[in-house]
């Protein structure tokens, strides 16, 4: 029996209808709002967004953060999966521990890292006990933008690497060990086996992990807000500020549209960069 | 596995049963008294003697307009809303006028000025004043040795405050002056109600006057001695308790934990004065009844109860929010509360006191109005842009907001015909 | 592996474990140690007193238990909906080359790329019309919308990894399409499906915003605690944070063996 041509559409239909009802309708309303200005439809709100004090910084910060954190997380997740593969005993406990950050909300994660990085936090306590600093030192202010960025990067890395890791582990588990063993027989080093055998087989998984993570990274801001305060605006935090503090729903909608477009563009780039090459089957 | 599932479903059913039991209570949604302990006290102390069972639900301010919209679409859950003046103002269209209960204002001795605010620029009483507060200064006693010669806390000026912070920095190597300039801090109120009136005698009209230029230059100099973490602080009680900050300005309720937990370590005192006086601003919390209230009659009974002198005192003890009705403060208040009450009193009765009203008539533009002050601060102080240019630019933006809202000037600016104009 | 390499390897594993656990330990320290720990300098790395009073105060808050049960209810519903709606679509994406597959992929992703907080107002109004405002079911639906794109993508990459030949072989031996799916593909896919379920559960458990906007009386634990904690003293925030972390950690622990059910099969 061959699958009928209709079957894939039947399979995706429920999810499509569901998302259409729940998401697309309010989405269209919101996008319409972005073009709605007091003087009739137009680009006035977009002009206000672009002219906003924090706009350029928010755009730069968003990109800097995503471009730094996502590749790092992918590399870490791949490394962790490979380590796990070679582990003999206690695998499920190690896997459990490594996936714990999955269960931690971004609000809680912001709290954790603030407690560590703040003036009288745990990091400074360690530095103080080691004699590296004579008194509490501020790391998270506008006077130390480099360290502030690093702090946010570390916190985001800690919080969200587990998501990439779980996806990669699920993919790694499906690679038959025979492939690697065969390569091993031909004298390939561990690195060569990883580079030439495992990595190509993992490509669809990596694609998914990257898209998931990139889309989420463009949307996350609770950690950024907790650690960066007013000093590290990102696009989504600006959207929220315009919606709930400045109460200008139209400019907020513009920011939301921009975030969506940026995520979409990132998704396309990832899809193109990791597409199956001619002649390859997966 | 199936045993676990069964347990889960049982748990779910119990949960549903537990929630169904609360359906007949009057829903009182409040954006104030949110923190854990205060919410508990609101239930167990403030609302203990309420005339009906009340379901007291604290809620984040951003969610309030959404819940009201949902109620208008037919959800009809909320009977009474408690929120700040600034949060209620944009939502005036959602509330029913309380003119029938306006008699309470005079009967319980609510001050004329507060009553007028509650009309939200209309002829109707749009909400009932519930409790009030203000912003004051707090200092750790450790900072006292650095107070400049001849300065006293009660008569402090902004120039002396700057000197004080500088002295403390020289002596301790730390910048110990702090402001709540974080994303949800109330820094905009500092500029609107404290700094600008103290230097220029007004808020809107004098926004880009030469006095305002002087003020920003002075504040920029003062900021050099302010803790750079200030742009992360939302509540000053935390850095005060941790000792990162020794001198701070904030809302009394956002300082309360410092005074509650360590009343012996901290002093409360009035905000500093500038060349034009000692600017200060009230905080007003009101209760309003949505047009869609399922139990409007119950809500008005509850309003009456909340405005009784005993309830107002219970509210003060629970929350550090002061009564809006005429009532003598009891003598047995806790120490920290007494300290704050005294500072509030001193601030109001200072010979150079310059009260500034909350913005009136800005409606849904309240947020954008606040943003102008914070943006101005960021541009001038944090980004070092030329003062004149920034003020010209932001004044234009302010005029746009005022025109859009058609908001007339409010005190201490002189009354205006039509929208208030920046000079 | 030589002894030295083995030691390095184990050290690496332990290092990653520590990297994950130490921050959580520090939250627990603050949550349990109370104000004395939170405001101390230099910070202690051990609790001065072991007292659960800070933590206990939470469990006595009015409404905390119903909120917790509701959170579980919402998360379980979200998990079920995401799998029921997402897994078939993922299977379709993996197995069939059909027109519009890429568009479909992008469409479901786009829904997730839009910040949900900005959609709150039209959503709340829509939910009132549907009669599911302020219900656990409504919140579960919203959370499903958030989790669904992940469910689809994760299951798709998972089915992609299961050789089509296995399934075709089953067809040859007389299984129907569904039968082949159930007997051959599903057992291989269990770990990935478990991963998807964890995603859905955790997304739902930790989601604050939609939950607090779409409910008034019937809040989930996270939304309920958020309103109580955002202005509370630091030690309460940490205790509350711990309270939120524990159940999801426990949940991941309970399902961890499903993550690994496959391991033995695939690696032998």
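When the chains are written out, they are named A, B and C in that same order, and each has its own residue count from 1.
Convention: a contact is a pair of C-beta atoms (placed from the backbone, for glycine too) under 8 Å apart; a residue touches a chain by one contact, two chains touch by 3 or more.
Computed from a prediction, not measured in an experiment: that's the story for all the values here.
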Task: Considering only C-beta pairs in contact, identify the chain pair with the most of them.
output: A-C
Task: Look at all chain centres (mean of CA atoms) and spot the one farthest from the centre of chain C.
output: B
Separation of chain B from chain C, taking each centre as the mean of its C-alpha atoms, in whole Å: 37
Field: Whole-Å gap separating chain A and chain C, where each centre is the average of the chain's CA atoms
entry: 15
Query: Among the residues of chain C, which are close enough to touch at least two other chains?
result: 39, 41, 121, 226, 234
Message: At least two partner chains per residue is the criterion; list those residues in chain B.
response: 242-243
Statement: Multi-chain touching residues of chain A, meaning two or more other chains, are 120, 136, 243-244
- request: Would you pull the chain A residues touching chain B in the complex into a rising list?
  value: 38, 53, 118-120, 135-136, 138, 140-143, 225, 228-231, 237, 241, 243-248
- prompt: Of all residues in chain A, which touch chain C in the complex?
  reply: 1, 3, 5, 7-9, 11-12, 14-16, 18-19, 22-27, 29-30, 80, 83, 85-87, 91-92, 94-108, 111-113, 115-116, 120-122, 124-125, 128-129, 136, 158, 163, 166-167, 169-171, 173-177, 204-205, 207-208, 211-212, 215-216, 218-219, 236, 239-240, 243-244, 249, 252-253, 255-256, 259-260, 263-264, 267-268, 271, 282
List of chain C residues in touch with chain A within their complex: 9, 12-13, 16-17, 19-21, 23-24, 26-27, 30, 39-43, 45, 84-86, 88-89, 91-93, 95-96, 98, 101-102, 104-115, 117-119, 121-123, 126, 141-142, 144-145, 148-150, 152-154, 156-158, 160-162, 171, 176-177, 188, 191-192, 195, 198-199, 202, 205-206, 208, 222, 226, 234, 237-238, 241, 244-245, 247-249, 251-253, 256-257, 259-260, 262-263, 266-268
Message: So in the complex, the part of chain B that touches chain A is made up of which residues?
response: 61-62, 90, 173-174, 181-184, 227-229, 231-233, 242-244, 364-368, 370-371, 375, 378-379, 382, 404
Query: Which part of chain C faces chain B closely enough to touch in the complex?
result: 35, 38-39, 41, 57, 61-62, 65-66, 69-70, 72-73, 76, 120-121, 124-125, 127-129, 133-134, 136, 212-213, 216-218, 226-234, 236, 240
